[in-house]
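Attaching a single structure in structure tokens format; questions to follow.
Order as written gives the chain letters A, B, C and D; numbering starts at 1 within each chain.
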Amino acid sequence: MIISIKPNVSQEDIDKLISDLEKLGVKVDRSQGATQTVLGLVGDTTVINDETVRANRHVDKVIRVQEPYKRVNRIFHPCDTVLDFQCGSHKAKIGGGSFAVIAGPCSVESREQVIAIAEDVKKAGAAFLRGGAFKPRTSPYAFQGMGGAGLDILLEAKKACGLPIVTEVMEISQIELFNDVDLIQVGARNMQNFNLLKELGKTRIPILLKRGIASTMTELLMAAEYIMAGGNDKIVLCERGIRGFDNFTRNILDLAIVPMLKKKTHLPVIVDPSHATGYSWMVPAMSKAALAAGADGIMVEVHNDPEHALCDGEQSLMPNAFAEMMATLRKYAEIENKNI
Amino acid sequence: MIISIKPNVSQEDIDKLISDLEKLGVKVDRSQGATQTVLGLVGDTTVINDETVRANRHVDKVIRVQEPYKRVNRIFHPCDTVLDFQCGSHKAKIGGGSFAVIAGPCSVESREQVIAIAEDVKKAGAAFLRGGAFKPRTSPYAFQGMGGAGLDILLEAKKACGLPIVTEVMEISQIELFNDVDLIQVGARNMQNFNLLKELGKTRIPILLKRGIASTMTELLMAAEYIMAGGNDKIVLCERGIRGFDNFTRNILDLAIVPMLKKKTHLPVIVDPSHATGYSWMVPAMSKAALAAGADGIMVEVHNDPEHALCDGEQSLMPNAFAEMMATLRKYAEIENKNI
Amino acid sequence: MIISIKPNVSQEDIDKLISDLEKLGVKVDRSQGATQTVLGLVGDTTVINDETVRANRHVDKVIRVQEPYKRVNRIFHPCDTVLDFQCGSHKAKIGGGSFAVIAGPCSVESREQVIAIAEDVKKAGAAFLRGGAFKPRTSPYAFQGMGGAGLDILLEAKKACGLPIVTEVMEISQIELFNDVDLIQVGARNMQNFNLLKELGKTRIPILLKRGIASTMTELLMAAEYIMAGGNDKIVLCERGIRGFDNFTRNILDLAIVPMLKKKTHLPVIVDPSHATGYSWMVPAMSKAALAAGADGIMVEVHNDPEHALCDGEQSLMPNAFAEMMATLRKYAEIENKNI
Amino acid sequence: MIISIKPNVSQEDIDKLISDLEKLGVKVDRSQGATQTVLGLVGDTTVINDETVRANRHVDKVIRVQEPYKRVNRIFHPCDTVLDFQCGSHKAKIGGGSFAVIAGPCSVESREQVIAIAEDVKKAGAAFLRGGAFKPRTSPYAFQGMGGAGLDILLEAKKACGLPIVTEVMEISQIELFNDVDLIQVGARNMQNFNLLKELGKTRIPILLKRGIASTMTELLMAAEYIMAGGNDKIVLCERGIRGFDNFTRNILDLAIVPMLKKKTHLPVIVDPSHATGYSWMVPAMSKAALAAGADGIMVEVHNDPEHALCDGEQSLMPNAFAEMMATLRKYAEIENKNI
């Protein structure tokens, strides 16, 4: 961390600031120029809050050389994190040369629906089954998900089809229901629900952490740091689109975060093109782009009967479109030496 | 709600869609033009999810004529909501011609600090004391607030100084500790923590709901609708800055939301210029602007000893600067016939 | 400018970098810490491009202590710029304790329209008449303004009513037509039309420079620097709303830029609440807020016959609403010791 | 276009509105519901400005069913536009199954530099040479390009190496110098320089139109419509990153606009990953992603001597890295049946 001091600050005030900073456990190098003084902090500056330093009335600007995250930082943990899953004889992997495909319906609606879709996506090559039991909805009058009963259906589908399951947790009291879930999703709206993150840090179940709708890359990594600081190092990051000024897609899919995250952290990174775009017809193109950009997998919505009801979801792929997409993704994966 | 149908959809498919919509309890007017068919939905369309309708493969576009919120909507509740507070002999009001000033430190640090600041801000004319006991922090390594002990200090200050208190709740299990809090704050990061909103809807304690950092006006109102749908109609909305592309201020203070919210909802609206700008020297200008724009109050950070520690907060006003600002605000309030 | 060097860069490479930097005319202070080297640049760093330095493969981060603008910078020019206008016996001022109100129709439609509105706004206290002759329109099929004929009408209105006029220039070849215009507007879309800015820098006519729709504060000041570098120091800056993720107003009125600009530059700053919000009923509230935030004036759209045609502009005030607003603004101005 | 009328508007006022609308050359279908009236406009609604209609005091909401653009609209021109180029014996194509690679230095610095890079990129498979002669720079003190002399160097390189050239025009008076340029670039800052677009519409030289930094998709297409309305139908659109709230990349590369543009318009679409990300090491990943998303080509910065000067550009690829990237792109192109 480099701190530039405002002009005309007395030596006494600078000494006081240096002494305050050193109490936090860092060493301070002082560079006195003709017109400006610059302090260079050496040591573990992750314990220092930028804003706190910036608030000091003698400080002009603050520049962080080290990142504020530590456990998720590739610098301190150069090897890729790889997560292994086993469900009966079916093995799955996120990271480590795998391109993991997580597929399934947006919401769990019924046992039949989930098992039928699970079989379809498994046949097409999906490695994980997704489905929402607890659903965050903008309106209190909208369907809020089947809750615990939905979770039971997913667990049944897991047993029936042998796919590990991915589903969203919304609050602390639900965590105890998630013991047999393979990958617990933290949704975009909860990315900075710090109490929830801390509790998930105490479990040893893998966490799928989605980027908040207006979260910076650093905030996403700090959210992962919360989980990892609690002792749970099984984390997958997920880009799912951010809020922008146009609305031709539901959100803006920020694919360039994929290579940047791969550089900054050892955690695997996947992409959700369904929520990012909001249109099923765009999902194949953006899934291929995600693979090309270096993602470790994708999470896509698949539904088998969009004609049956109003809640089909324009963003859900039909099983045959999903299978077709998987065929092309395999060709892409081959070029990149990844396994689907 | 108006729905335009894609070209070349068969009469049978349109009939089917109309029948599906009418099952949801609305009446459907059909307008057949030469080249396009338009459906007009009459009745309570708040039960209908726009995205669900948009997802139907025969639907081209959807336009909402009625807003998706009902209980917070001024149309169905034309009179302003006014909240009355009493703390010993001190009375305070939010809404109803009052300009409510909520002031105090960002975090509760000690009994002495809080009581000293409480006395300062009371003397200057603040109607409420604010202070954070549970603190949402981006970094797991930053000070997380004093928790329950901080809450006790606030309650003591309330008794000592006679100011109603405002403090933030972060998760459901904390709510039971907030029985004697006068106005419970839901922070920007929790604006769409729907489980928390539902639980707060079951209490009868007034809620200060802050706008999420990238929340639309409709999302803010839907969050309030969650609380009100639970039976708690004592809600104050708060604009606190949104995320933008520049960083000369911490966030962008979106003051135009104040008159728009006053038009759309009966709930009172206040402004937090401290978090919005991040600089204490900007707080007086933006507080005056908030009053001018029609806000029912402000919430500002005041600290009495910014020299003492590194965590002074460049966004906290000193008590004397706060008192000076209050003097000017009283002149502005007079023009607008508001009481401070 | 402070430059932190990447770890493990050789002394030779650092020496080379320092020597390259010094060729640009600055002095370089070198601070060697245990783990990092920091260079502090002393002198006129406005000649140095941040991105160029950042591009060097040995550089880790760059922090600018001095701003990249010089002539518009308050540091080098502490006194406020004040612009004086005279039109017959009518005197007007922007800056220097004046709150300048610029009012008139969006587009010049006819001689009668412009003169009638000019008389209305003059009577109500406007100091300037605005009107568009050359109009930037999103669609090539929309009315593109009356052009030169519109300009003639404005000049006639100036003579008839004695108000200095403000109108927009769209390209270099038009400048020669603007000799008798009092304040030449550069629209948001042209804020970074650098060739136009350079040409306007060669004139001595005051320029009203509107902030681009997604322009940072620094970019706005650098655009003003282009004009001032050409020798024209009569510049007024204008906040007119920036693009955001919501659409309850046309743009986001970023009022906090007003006090920040007043701190960073000596140039006067006005606000355009009509384009920022898009709704005439919001203009009075946001005009008062602009004054409260410290603006040196406003520019508002006024139209006298919104019923006559489809192009009334929901953002145009009727003359009586404008007069009412002016009456309240006078009370606000009194508190702030400003003259309207 | 569908227009919903506010409640309680008299039949007379609605009749007046319908009659005003029909004067614009459209037919109006009226649908009278129990509580609301909806007008459906049939015919060429591209002549009608949404905002104008929205401004009418009886209108509640306006929904556009047809897009506001016509000539660039795929609906009215279903076949893909394909541009053919010939330069000596070298043929190049944009659109029509080609994946066109445009490569070269950011700025023209010297004859030697340009010719050396041109030969490198041609050998690696680039179809076009790019280079900037007139440079839009944020600072008036930064290098503004070599101007006409730079253009001459590009034309010489074209002759020497046989690659068609792409370079940016900044204002109308420069157009006459661009007669031998193969593809004239309009930069992001000039996307809504409508006078420039109109003049370029009068030429018959192909135009590369870059998306503005905060331009919506519709605004980009309307800018293209300006050119096409002038009679020049040789247009290539270019996504080059938009402004967002984070800064880990220079801009946000909005790749999902590629498939959406391909659906909405017949014009070819390319991607500029160099400006979008700002880092050369990200260019290969994002170039592959662009191809995967369906782009018709890319434009990338290549420089052969980044060590020589400070202005290397962290976003410029070295020729060997470029050649490596081309090899992988060829494999991707094969899957998508595209020719490089």
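Miscellaneous remarks
The rule we apply is simple: a residue touches a chain if its C-beta (ideal position, glycine included) is under 8 Å from a C-beta of that chain, and two chains touch if they have at least 3 such contacts.
Note that the coordinates shown come from a computational prediction; the quantities given were computed from them, not determined experimentally.
Following the contact convention of this document, B, D is the list of chains adjacent to both subunit A and subunit C. Chain pairs B-D and C-D differ in how many C-beta pairs they share in contact, with the greater number at C-D. Distance from the subunit B centre to the subunit C centre is 32 Å, each centre being the mean of its Cα atoms. Centre-to-centre separation between subunit B and subunit D, using Cα means, comes to 40 Å. Centre-to-centre separation of subunit C and subunit D, using mean CA positions: 27 Å. In subunit D, 214, 243-245 are the positions where the chain touches two or more neighbouring chains simultaneously.
The residues of subunit B lying in touch with subunit D in their complex are 2, 4, 27, 29, 31, 33-36, 38, 40, 42, 60-61, 63-65, 214, 243-245.
Residues 214, 216-218, 242, 244-246, 248-249, 252-260, 276-277, 281-282, 285-286, 288-294, 328, 331-332, 335 of subunit A are the ones that touch subunit D when the two sit in their complex. Residue ranges on subunit C touching subunit D, taken from their complex, read 20-21, 46-47, 49, 51-57, 68, 136-142, 170-173, 189-190, 192-196, 198, 213-214, 219, 222, 225-226, 229, 243, 306-307, 309-315.
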